[in-house]
């Protein structure tokens, strides 16, 4: 009898990076290869505590899987207390993946808010791994305060130094340590007004931010086929059987979490 | 005798047309003759469907706690037990009296199948006092209960169970509760179970888990709930009526009511002053810790 | 592929079942405290048989569906133990003894066809699959619809369900009107089991199943078209009817737990000191915290959202995902809902179905 999809394999947390006061990146080595594509997720569990789904923020072909996790509930609270070397359960990959093939030869516009940068990062790094396949990359990323910005090495040092890569950062509120843009990401996006010409926009963040960003992109002239987002819903099985994460007839764990705007618009249910 | 439905519809229509209320919460008929459900009428036409009969079981006051009714002016039809449950909600500031237009009814008892519901036999407070509501329906239906049980007689089902030995009693309840499916209908239908977030709805509580078939957890849930509503129970019997597995949950509450009487004397929820006996502590509270009370 | 054996009475069938008891886990319906339950054969005494006969002969499904035999209310699937600094975990071994479930009705077994579509789709849920292959379903047939039944509307053949192993026909239901019991195998698994039962002295041997009484093949209602219902629902997403249902819905789990086609579940861990388990258990989309996310966001915050989601799943989403309407017309929602909301009431409200 083949293995049941709910059964995990062992994984070990090799490194823990503190991204902000409530976000940590856990770099995990699974016992067996997960072979994920950018945008896919995996279920992480602590035996005796519980299991939850997290997007993989590292690109494929890396030795370790990165999970950037915000402390919000029971499991994540305890996860934030573990140490390097901790054993975890891991199963995956789940979900569909970013349509990276369809994006070839185009400019990539990433719009992220808060922890929403985590799933986007897998595609950003993938695009950088395959630089010749893509044109310019622009990242518009914001968080509530400067301390809440994550992947600081990437956003402040690595990415701005790359050719054809523009990084625009914003924080919601004024802060003494911040001399960059102050305002919400959708506002900033509107001001920067990137061109929709030969561009794909990929966005992720709190549901309300996604809503406004989608409106703004439409205003800027982006067509529905040019906009992709990745959603987050409560999930338990990850394989479309427990009936929990559906938006209309689509399961976010199986038919998502990546959706084109065209698909979202066809959904009767508001995803947020 | 004036048709009670006619009176109900007239009163509801008057309240709606004069904009005294935004909606009227009452009952309407279902498809089968023994089906009557809660119903909201917002217009004169919808009010034509209002009714009241021997199958008007549901406790309407419970619905007032739902989000969709906040901030609206509502007229609500109340049987005796329902009215007392609502008084508890008003006294505990869960609903605002000024947002409600209370329409009191004299309840003739409700049927269960072909006979009168067992809980109605011992109910002595089926009539809503005229002076405590805004409108009183003057027409009454023929009462189903000829002779009301005395206070002592209302505990007769408990007496039968107490004739069993401790072991037999435990087996009885284990057998009854083994059928529980943890649908939580008993809790959701109870008019005095009014916590904003129920203990058993918390995320990841350590005291109960998700499995819906553990007998020990059924016992835990039902006994805890019985204790939580012990001094608040209005005797409507909804807990047993809604239970699809015919578990006599009202007996747990009845037993606790009798036990409480030994400590605090008779307390009638919705009639006697608030606070209810268990929701406060006084210096002269009886303290029989560890000693059996006769 | 039909092989039928005959028993003189229900009592002799039970005696024959008792003879093979050691190789199987057998469950039969009966009454306990006036309520219908399924009990293991060993707990069914001679004086329970009257209630069992009643349940098998009436044209209405038993109170609770037989869903839990293939998809248990709670099911441990991982066991773990702490060894020094790490956890050893293993898959909890599933029950090996084959199960026999006597007494679901055709609607009850047809629902497994729908659950199969979800659970046996890749990636296959092996726990369900194993139980499915290891369980023999003996289905008692109906002569006509019961008071809440909608089998005809949902395409369930009340005399010959597609998903079953053995059909149980009581002589009383046939034109012969006697006390005999006929078991007719309709699958290989069924045939194999009947062979074993036939070895008993209680068996009267091979027989032909007499005809059922009444115009049983005449259906009084047309089967509903999934496409048509799906299209009607599409236009009703913003309709006020969902608010009307929501206002009296109690938000309990009765409809979902009693429905034979509902299959939502939750996954949780439980541990005490150094040992623990991971299990899955039934959950209900009608509960307010079903889709609650850590952090507080809930995509279906109101009762209206949830009740709309449930009926859309049954009459629209499932059609898009798998093809049929996700209902077998067993009538349990109609019988048990304390607020009188059922698939029948919804169908009537959306303008379909007459005598629901």
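So that you can tell them apart, the chains are marked A, B and C in the order they are listed, and the count of residues begins at 1 in each.
Assume a contact is a pair of C-beta atoms (placed from the backbone, for glycine too) under 8 Å apart; a residue touches a chain by one contact, two chains touch by 3 or more.
On a predicted model such as this, the values are computed, not experimentally measured, just so you know.
A count of contacting C-beta pairs for A-C and for A-B identifies A-C as the more extensively joined pair. Averaging C-alpha coordinates per chain and comparing to chain B, the farthest chain turns out to be A. Annotation: 32 Å between the Cα-based centres of chain B and chain C.
Per-chain Cα centroids separate chain A from chain C by 40 Å. Here the spacing of chain A and chain B, counted between their Cα centres, is 49 Å.
Among the residues of chain C, those in touch with two or more other chains are 266, 268, 270, 283, 292, 294. The set of chain B residues that touch two or more partner chains comprises 203. Among the residues of chain A, those in touch with two or more other chains are 50, 73-74. Residues 77-78, 80, 85-87, 89, 91, 118-119, 121, 123-127, 129-130, 237, 263-271, 276, 278, 280, 283, 285, 290-295, 297, 299, 309, 312-313, 316-318, 320-321 of chain C touch chain A in their complex. Listing the residues of chain A that touch chain C in their complex gives 1-8, 10, 45-52, 72-76, 85, 87, 89, 207, 232-234, 236-237, 239-249, 268-269, 271-272. Contacts from chain B toward chain C in the complex involve residues 30-31, 35-40, 57-58, 63, 66-68, 175-176, 179, 181-185, 187-189, 201, 203, 209-214, 238, 241-242, 244-246. Within the complex formed with chain B, the chain C residues making contact are 32-35, 37, 63-64, 68, 72-74, 243-244, 246-248, 250-254, 257-258, 266, 268, 270, 279, 281-284, 287-289, 292, 294, 302-304, 335-336, 338-340, 344-345, 348, 356. The touching residues of chain B, counted against chain A in their complex, run 203-204.
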